[in-house]
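Right after this note come the structures.
Each of the next two complexes has chain A plus one other chain: chain B in the first, chain C in the second.
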Partner chain A sequence: MEEKNKVEKIIEIGSLRVETKSKVILDGVDLNIFKNNVNTIVGPSGSGKSTLLKALNRLLDLDQSMRISGDILFEKRNVRDIDPVELRRQVGLVFQKPNPFPMSVYDNVAFGLRVQGVKLKKEDMDRLVSQALGDADLFEELGGNLKQMGTSLSGGQQQRLCIARALVLGPKVLMFDEPTSALDPIAKGKIVDLIRALKQKFTVVLVTHDMGLTRKVSDYTNLIYEGKFIAKGTGAEFFESEMEEVKEFLSEAD
Partner chain B sequence: MKVIDSYLDGGKEIRWKSLGSRRIKDRVAFALSYVVLGIMVIVLLSIFIYVLDSGASHIALKMLITTGNTATGGVLNAIVGTWELVGMGLLFSLPPSILGALYVVNSRSNGTVSMVARLFTDILTSVPSIVIGFFAFIVLVQRLNMGYSLVAGGLALAIMMLPYLMRIIEISFRNIPKEQIENAYALGADDIRVASRIYLPQAKVGMLSGTLLAVSIAAGETAQLLYSAGWNNGFASGFLHSGVGYLTYVVWNGINYPTTYSHYLAYVSAMILILSVTGLIAVSKYIGRRK
Partner chain C sequence: MKVANKIFNFSTFLMAIVPAVALISIFYFVFNESLPLWRFSGFSFFTTYLWDPGFQYQPPILVHGVLAPPGAQFGLDLFLLGTISTSLLAIIIAFPISFLITINVELYLPSRIKKFMISMIELFAGIPSVVYGLWGIVVLEPILFKNVEPWMARHLSFIPGFGGEVYSGAGLVASGIILSFMIIPIITSVIVNSFDSVPKEVKEGLFSLGATRWEVGKYLTTRFSRSSMVGGTLLGLGRALGETMAVLMVSGAIVNTLPTSFYSATNTMAAAITSLLDSALTDSTRMDLAALAALAVVLMGISLGVSLVGRKIAGRGALRGYESD
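Up next, the complex of A and B:
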């Protein structure tokens, strides 16, 4: 791995605060996301991890009760100045629970392109869909049958379908919100391999409370606790940290 | 600790209710609900059988293929008029219901506006139909000078159909998993795309069965049509300034008319109404179940 201080930052978060009327969810978050690395955010349930991801692609805009302050820079541009549709194309999000749309595998993958009004020739669309499914390690498993319903696949396959659906838009950043928590160990293993492979082409942001997964894939690990960032470090540094919070979290998570 | 002790010794300290008394209560409750159900079914069936029997025993082909008033001739004008009015009502109520439901379920909508919209639709469902009819008469028929007409009648029906439709459509929208909606936004869909590719296709079964229900309710309305559609011994000659015939009018007026034939016409009209409404509800149930 190259030297850390030379790695390019693709997202810079400064003093991010998210609150509803009744509670503060994120409280002064400073965090950098490094390009072509797996950036992991760990923390207990309810610590604001998912909210952070939704702030990054402005999905929080959908919830009027959320008040957001602070800055999020994507490639040095404030996300507030980027059209949400464009932002979400470049910063993809894979949700915790696999949730394919009730349509064919093909239509699921093509969904993003279609809703963004991309006009493609049939063969170009076919190629993109197949490639995304291939990158998500699903194409061969389906034996080329892309007409079956996305909802008829197994849980692990559905999750990889959701990854393909995000990949096909050619995002620069791909965010995963606890992608393995709903999956069995074998399906989980495949996602782990996939995340490792994906960081060659994409920047990965991974939210999880699975420390095993973090150990396996993380390049940069950040601990979030009650809406604040407590500790950050590269893969090995983090696990050897002497900070009380990190030790406590690690002992409870393992 | 005392509580823990009482669990550990097999719950001896807890005074369990005897199974016998629970079983008796269970039986009584079941028996009562069967009785109530039985009464409802008997009432419904007797109306059904009475109407079908009176209608079927006096039906004549002439009644179905000719037009006329409620004393002579047939009810073809009323059959056609009923569906014209209901169709017109649907035309005026379905699009705003869908748009209204989309607005209410959208998380970025103004909360106050959504609340007011919901409040008004709730109030609207409880406004008596005769009041809607009176409103239609003063505003549509007189002020806006539509006269007794298809448009005035359709609008009067639409006022009644709108809250039902909007509520049912809203419910079918809300049955779509929230994650799917979020996911569509995350893939870069805007509000219009989310509506056209997620909400509408996935809610179409609910929307269809809701529509059929609203249609069957509207087909059985009388009061607001008396004041807005008027009546016509023949077919409506246009959308405005031309009364429309409808089946419920024949039922209402035919029974009051002192000839046997007009009574027969009323029976037959009631039968046609009940059969078509039952058919529509059956279709909507079938579609709903197939989902």
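Up next, the complex of A and C:
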């Protein structure tokens, strides 16, 4: 526990409650996201994990049926006071199902920069796009052919393209929502390696119910169950927890 | 049991071919009825605009081997011009409105209000056209005649066709506006469907990269919904070309007088068939009826063609190149 206090918190969530008219999705969640670590949020399907991620980059605001209360601080600032476009640039999100846009690989990666009105010279744009694709471990695999359609890539490549698309904006936090569940084992292995590499430069938030993946990459693990925050622990600590809920969840997940 | 099966199979087959048989037979009978006109008028049917049933109480005369009342002549240009101009005006008004409704409903409104709005738009499509026509006569025409058209004639007279006298509210403008009301639901529902068919992940992906609602709308429009917008517009155009009652009521239904300005009365092929049918039935040579049947053939050809192309383009789907995953 001593060591944990030295690590900087980049996101602090306090009493976060999200509900619709008919049901409560998150019921008072308190948890912290630690800088340059892989922060994993585990829990059974339907426990509110994805909703939590969408609350962090204010994607949830787009759905007017959601009522959100509580505080989310990003670098000590309340996310409600940050322009959503700026926030989403700094807190990138990679979805469960790869969602490349039906345009070339190059345009997919450049999309975020263009839509945010970043004006760059052709060489600078080329450099940023190649660098992001390189960081996402995709550049060499494509053999420099960035003109092919993003939608024509394999599932694993599409997912890394979506990672590159988020990386090019220079985010501080990169969130992954079940990034490997739609992928085959080899493609999955590449994403695992990539997540490990990415935490050197970025803070990673990973939502998953895959305990194998959690064991491999997680530095801090948080369990959410039926919308409530239940338990947390560092990588090894979490798996040896004596808490009933953790034991039960682990036995069901494995 | 087996006999029952056979009867059932046969009757479903019979019912299944009814639409195709009906379409072909309607076209055949209408075309058949129009045959004398083609012999009588030939190509001049397409190149003239005067429509005169002739002297029906004098002995008929023989022209190109067919009997017709003396003095009869038939040209569809006035009606064709009216059909095209009212429909185009309707599209010019309806398309931007439909587009903005879609963007608003899809990207700005909460989902509960969205459902309400869409059902309202669908209800709009269910209003009988005669009701639109009545509204056009009672409400729209006086406004156009007293306020809108005189103002336009004064201030827009520098545009060719936009100057001149305003004689009444009936005509091209009223027809175009009424038609646009009738086709907005059609165009809107096609574009809304194409927006809805874009996967949620793609929309959220766009937002999560920092796109604003307007940018997402612009992107969905240009990348996903282009063909639906063209197709939906053509479907609306198909409807506008064939619309009869409402246009008949507000067009002014002129014959033999070409429009001189934007505010002139007009007439369309569909409206002309309805309004001229009564007198045509009294023509013992049936030439007058043949002329109206010929109008019907041309109208049917144009609106079927437009609808077919529209359906084909709209059905191409929003997601080409996206199903691959």
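To be clear about the criterion, the second predicted complex is superposed on the first by the 252 of 254 C-alpha atoms of A that agree within 3 Å, B and C clash if a C-alpha of one lies under 4 Å from a C-alpha of the other, contacts with A are read in each partner's own complex, and residues count from 1 in each chain.
Everything below uses one rule, namely that contacts are C-beta pairs under 8 Å (C-beta built on N, C-alpha and C of every residue); 3 or more make two chains touch, one makes a residue touch a chain.
Model, not experiment: these values are computed from the prediction.
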item	value
Joint occupancy of chain A by chain B and chain C, clash or fit	clash
Which of chain B and chain C A:158 touches, first, second, both or neither	second
Which superposed partner A:251 touches (first chain B, second chain C, both, neither)	neither
Partner chain in contact with A:45 - chain B first, chain C second, else both or neither	neither
Touching partner for A:200 - first (chain B), second (chain C), both, neither	neither
Touching partner for A:145 - first (chain B), second (chain C), both, neither	neither
First (chain B), second (chain C), both or neither touched by A:85	both
Contacts of A:22 with chain B and chain C, given as first, second, both or neither	neither
Partner touching more residues of chain A, whether chain B or chain C	C
Intersection of the chain A residues that touch chain B with those that touch chain C	57, 59, 62-64, 85-86, 88-89, 92-93, 95, 97, 99, 101-102, 111-112, 115-116, 162, 165-166, 169
Partner chain A, residues of chain C touching it in the complex	110-112, 199, 201-202, 204-212, 215, 219, 223-224, 319-322, 324-325
Residues of chain B defined as touching chain A within the complex	107-108, 111, 177, 179-180, 182-190, 193-194, 197-198, 202
Chain A residues within the chain C interface of the complex	54, 57, 59, 62-65, 84-86, 88-89, 92-93, 95-99, 101-103, 111-112, 115-116, 149, 151-152, 155, 158, 162, 165-166, 169
Touching residues (chain side chain A, partner chain B) in the complex	57, 59, 61-64, 85-86, 88-89, 92-93, 95, 97, 99, 101-102, 111-112, 114-116, 162, 165-166, 169
